[in-house]
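Below: one structure in structure tokens.
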Amino acid sequence: MPRGSNQARIFLQELFQEQGGEQLLERLAPQTDDPPVSVAAGISITDRAVERRWKRITCAPGIRDVLLPSGGDVDHSVYEGNIENYIGRVMLPVGLAGPLRVNGLFAKGDYYLPLATTEAALVASYHRGATLLNRAGGCSALLLAEGVVRAPGFAFATARESGRFVTWVLENQDRIRAAAEATTRHGSLSDLRIQLTGNHVYLLFEYQTGDASGQNMATIATEAACALINEESPVHPEYSFVEANMSGDKKASALSFQNVRGRHVTAEATIAADLIERYLHTTPQHMTNYWRMSAMGGVLSGTIGVQGHYANGLAALYIACGQDAACISESAVGLTRFETRSDGLYASVTLPNLMVGTVGGGTGLPSQQACLALMGLSGSGKARALAEVCAGLVLAGELSIIGALAAGHFTRAHKKLARKRGTPHG
Amino acid sequence: MPRGSNQARIFLQELFQEQGGEQLLERLAPQTDDPPVSVAAGISITDRAVERRWKRITCAPGIRDVLLPSGGDVDHSVYEGNIENYIGRVMLPVGLAGPLRVNGLFAKGDYYLPLATTEAALVASYHRGATLLNRAGGCSALLLAEGVVRAPGFAFATARESGRFVTWVLENQDRIRAAAEATTRHGSLSDLRIQLTGNHVYLLFEYQTGDASGQNMATIATEAACALINEESPVHPEYSFVEANMSGDKKASALSFQNVRGRHVTAEATIAADLIERYLHTTPQHMTNYWRMSAMGGVLSGTIGVQGHYANGLAALYIACGQDAACISESAVGLTRFETRSDGLYASVTLPNLMVGTVGGGTGLPSQQACLALMGLSGSGKARALAEVCAGLVLAGELSIIGALAAGHFTRAHKKLARKRGTPHG
Amino acid sequence: MPRGSNQARIFLQELFQEQGGEQLLERLAPQTDDPPVSVAAGISITDRAVERRWKRITCAPGIRDVLLPSGGDVDHSVYEGNIENYIGRVMLPVGLAGPLRVNGLFAKGDYYLPLATTEAALVASYHRGATLLNRAGGCSALLLAEGVVRAPGFAFATARESGRFVTWVLENQDRIRAAAEATTRHGSLSDLRIQLTGNHVYLLFEYQTGDASGQNMATIATEAACALINEESPVHPEYSFVEANMSGDKKASALSFQNVRGRHVTAEATIAADLIERYLHTTPQHMTNYWRMSAMGGVLSGTIGVQGHYANGLAALYIACGQDAACISESAVGLTRFETRSDGLYASVTLPNLMVGTVGGGTGLPSQQACLALMGLSGSGKARALAEVCAGLVLAGELSIIGALAAGHFTRAHKKLARKRGTPHG
Amino acid sequence: MPRGSNQARIFLQELFQEQGGEQLLERLAPQTDDPPVSVAAGISITDRAVERRWKRITCAPGIRDVLLPSGGDVDHSVYEGNIENYIGRVMLPVGLAGPLRVNGLFAKGDYYLPLATTEAALVASYHRGATLLNRAGGCSALLLAEGVVRAPGFAFATARESGRFVTWVLENQDRIRAAAEATTRHGSLSDLRIQLTGNHVYLLFEYQTGDASGQNMATIATEAACALINEESPVHPEYSFVEANMSGDKKASALSFQNVRGRHVTAEATIAADLIERYLHTTPQHMTNYWRMSAMGGVLSGTIGVQGHYANGLAALYIACGQDAACISESAVGLTRFETRSDGLYASVTLPNLMVGTVGGGTGLPSQQACLALMGLSGSGKARALAEVCAGLVLAGELSIIGALAAGHFTRAHKKLARKRGTPHG
């Protein structure tokens, strides 16, 4: 080809030329002989069970000592019910940013931000943003909506059947809700939406889940609702599934972005020019220039929302605090907006899909509980405040990184802070 | 309003009715008096530095002992260069799934899958999928492309200036490349793309980064290229930034999805009906029914690609293995496809944006190194194999969850495996 | 660059090498001297006004005779109020497909499909699909929702002000609705949604617009609502706009796709294998193979929804029937699904954003009125049926094109039908 | 349900309550008895053929006279090869905006803008924008790339087969290109991209199509390439299709938006504040305020790119000039950016997917040819200039509508200009 091209074509062409495509491709054939011996599976975490598991594992010496030190630095049994096939634990370093002052509908005060990460410069950057925000009186934060969806799907022979099914569902909403809510003490069904495409019907059950992140609660309640529907609906689906991939679980989606998944929060601050100068070594105008160009960069690259690096702070906080780290996929989307005003730099972030909870999941494990407690956000009655603090964290991160990019310090920070480690990347 | 509505309106209406909107909103005002005392910031991790840091932290007793036990279970100084403001470490339990047999262009053999998570049922589900794949001879996997982008932006007065700038860049490509590549031993600049919108020019520098995930390498090289450009280009931008948010860093984007970000990999297997029946208690046909309905569910909800829960396995593996967990945002997108064939169930996954490396970042830390070593994938020359194993992991997860949903076991598994923990979600 | 690349870089490189970039770019400079004489602008369509307009136009002879033949084939004044700066009329050929049997909630019977297009093979393809559907007893069609949005935006100093504003709006919903509805006899405000991002508030006014497409109605009503808001709200925005680009007007958007814009319709049919064989020369299985591969092709290319060529039939019908052709942008999105069933091929289409009306806009002009009348869908009380017929049209088109692609006849049809014209494309 | 909800649920609930869901749904059943008599299909446009066609059509009297007046105002046979089942022609009024001064790489001069529409205020709005641009010396415009894609798909048993197939394709690129290019005098194959997902391979053939829009050319050339591939490849696909829905044909897609579909163009102008004041009655600052809020509105609603109403001007110009109006779907996407500068308002538009041509399609028909000739852009060698003029048109439209929204005149203009027609919308 004389002109443009694509990466896959070039990569394969070079690879196959080097080694012979045909021969390389032979490696892909299934190998059914001599299948590997599986890990000894199980949920039990007794010394004996873990011992038995390691016995079957073939690996270099020393690995076990790192993951399961003989001295015993942890009562492994605390992890029962949070993991299966347990073989030990990994450690991640925690850096503390802040405290960050948050003036929210639910959060009110100065919050430490425990961040578990192995990426140099991350904690320093969020810390710098938090310090700057504090000088400006902290950030404002508003929780705007809550909800977690499960989306069962029902398949029929025809749209006419779909219509009949929907008719029955509409007439029996109260009973369906009762069945769902009977499974939970803290949750409630707040909405039921219908998506009909020909002979397929998706029902979107939306729940209020209190202080839990709420995915399991939503699943169990919806299972109960579906059991009622499948038993009593006079129109029987050819098949149905308790989740048909419209819930936005573990993925960024336009649907959740439009509505809410978890908690929908916005945070903002206006920062005087002299603070920008002192802490970020640039100007509101130049940060706004950056925002404009990067917002359009986001649009040009086709992201859901436009923002800088929400994922960095959220992933680190989620890991430290026992949140479901896989939910970074949906949580780390949103809208960042910077403007120059007469009184300085206006900056806001909006996150419609924050999946956070202060009970359930990993929130009760020792390290994770400690991190939540460090924030003063452990246990019941704290989830809404946690969501607002997350928005504040993310705002701090956007200010800091945009400040660094505007001041031309971005690369320098990364180089300097990773220096201690040598430069294995280079 | 008599009819439809939205969550934010309802939430705010209820909230403000309960408590008085005006009064609640007073809480949002900035509070500049009595600013909080910042954490003692710093990169040094000596006993003294950490001690000094904790002294300034106000928190409930006991928290410190959990995050920084006095006995000393870890040489904290190993974390220098990976974190700032260090206060201790969190522990996450690791469950081992597999081994998984991978027949790849680069991975070849049976690989343990260490998964760090606090979510019940996750490890069990991936383990079940791996076991099933092994019975079918393992999965095939192909690395299809590699590349990491940095995208500096340059702003001019007019498009005419943009055009002049581009002319100069095109004429000086070789020097620009040389400047970029002078900063790195292992990386190379493999492409330079131009995006011009009026008086704005984005340059997309794409690098091959060897066994590193490569984000820092790409940043440093691009900084050098930009320094050359800013010094020597006869057309001076009004302003420029080393990254203008078109690189896809820490976010799912259509641009990266179309091309590659990190490693672009596909994996597949064909599984006989009797294995599906034995291990998943359902049929290829019914799993295909599920796939069809859930693929359309993904489209209806507006995701980038369509898949089930790539994020679950990837986040757990990333955390265990010292990968950048924030990159779950971009890594956990792709395309899952299931079909019923005469020889059973065909299943494939494709992930264009796997950000993984076996050197650099957190890969050298003790726990993380141990997990990579357990897979036999630590150090140089292993990143391509790691990418293929990740694709295999994800395939195992899709098979297992779709099997569970098709068999109606999805909720049951979550209930049962979280039982030990009590039911704090309920 | 030794490897991959992009089109813009290559195009500019070749262009500038050929001609000298610098010299070419000189052409871009603004030319303020000797500005062109504007067309004689105006809304009046009298012979004299049009004559005066042509007098000022410089163009080759003969052009005027084509656009405004001296004999007078049309009473030009009928176009007053539908166009400005009138200079004549263009003609587009109309082909008639069908009739198509539609079994809908609102449409019931056999409908001619007048299609105005200049693209060979288009009418023939839709006609083939309609004929096939008739053999199967016609298609089923269901209107599922209606609504047109206007989305004014309000900017404040802070989120606190945003919150106060929203509080006032929530308390004054009834008055706001009354103000909006006072402007219209046929429309009503059916929903008011709030989108708050920091100090910005978007209000989404959703209307039921009867038989009109409803954009003007929605604009005028929202203008009145905004006038009330701006006068009476105790919290004054720094600025506000009657439309802030969240209405989905003239563009495909995830927001409208999730909800409704105009009319939300689904249509389906199940077609016996022998009919597929006789009319399309292929099999249900092979068409399903095509559907699966092309649905994934749509996902891989990042479309909103997945479908084949809704735009072809819709654009042709819209032009013929006085609909707003620019609304093809939003109307021609949706979801096509094909499945092989024991009783043949199941096919459905779903279109959430059909902007159609049977009164207002261009529906009253002579040709356009005639086309609507040919369908039996002119005037009041017909818009819902028109929407269902549009869905049926689109279903016919999907069946026909997928049939052609599956049978390998796609190219042949285009070659043969354009043959008469010579092959100017070649 | 006590809280939030969705439109489909509410609509169906109301509808079914009014009329009885069961009864209504009966209407959806297929009706195989008494199938309608089809239109007399055919491509021939002789008086006799058309007469025979009308004889079979049942419709109210008078309709035929409007669509096919007895006097004969047109030689219908000119439409042969552009339409099938011809029954007559519709007329659309044309308003002339401009001329617009375009300073482009290819367009250079003052261009009339013929716009065929039935929507009041559209022509006036574009005319106002063009007049304003002229005062500023016209707009600059740059064509940045060209290309039209066809994307055949090939399905195999396994990814190993996919890999073998790709190996063969890579080795035989020159022959494949020769086969494709043998079908066309004016076209050339400029790129071949590979998308591999497990056992599926999509090949993206990208063509340069000269002055034609090029869709048919691309189809015919790709058909020839596929014939060669299917005959000679040693690896036979289980099935293949000449187009597998990755070409972006008739739909907005992220893939085309990232690259090019048709012509990729940008246009811009800087307009002094006093001109903004005189012509738009507002200020650069306030228009920039609007742009910022509306750009975020676009992001929040999930559009591909962000812009105002490209579709309005493009649809009107496409219909007038014999372009494929269905391509509005892909053509009317892009990026609008406004900024306040010291010398006034900077405004730019970028359209990556302009499907336009000056030969082929409907460009040779009488009215359409006349409109192109009025622009001075009929026939060979003009397509690139036409693309740049389209970008200028769109820029004029964005300036005018944003000016109207910023000045608060938007609604007023629509009310006033549609007044003559009465207010059927109201």
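Going in written order, the chains are labelled A, B, C and D, and every chain counts its residues from 1.
Please note the rule applied: contacts are C-beta pairs under 8 Å (C-beta built on N, C-alpha and C of every residue); 3 or more make two chains touch, one makes a residue touch a chain.
Because the structure is a prediction, the values reported are computed rather than measured.
The minimum number of touch steps linking chain C to chain D comes to 1.
The minimum number of touch steps linking chain A to chain D comes to 1. Its interface matching that of C-D in over half of the contact pairs by residue number, A-B stands out among B-C, A-B or A-D.
Copies chain B and chain D of the same chain sequence form an interface built mainly from equivalent positions, shared numbers / all numbers used being over half. Separating the centre of chain B from that of chain C, both taken as means of CA atoms, is a distance of 38 Å.
Chain A and chain C have centres, each the mean of its CA atoms, that are 37 Å apart. For the pair chain A and chain B, the distance between mean C-alpha positions equals 10 Å. Across the assembly, chain C contributes 3-8, 10, 12, 24-25, 28-29, 140, 142, 144, 147, 158-160, 163, 191, 195-197, 200, 206, 254-255, 257-258, 270, 295-296, 298, 300-302, 304, 306, 335, 337 as residues in contact with two or more other chains. In the complex of the two chains, the chain B residues touching chain D come out as 3-7, 10, 140, 142, 144, 157-160, 163, 196-200, 254-255, 257-258, 266-268, 270, 302, 335, 337, 341, 346, 348-350.
The touching residues of chain D, counted against chain A in their complex, run 1-6, 8-9, 12-13, 16, 21-22, 24-26, 28-29, 147, 158-160, 163-164, 166-167, 170, 173, 177, 189-196, 204, 206, 254, 257-258, 292, 295-296, 298-302, 304-306, 335, 337, 339.
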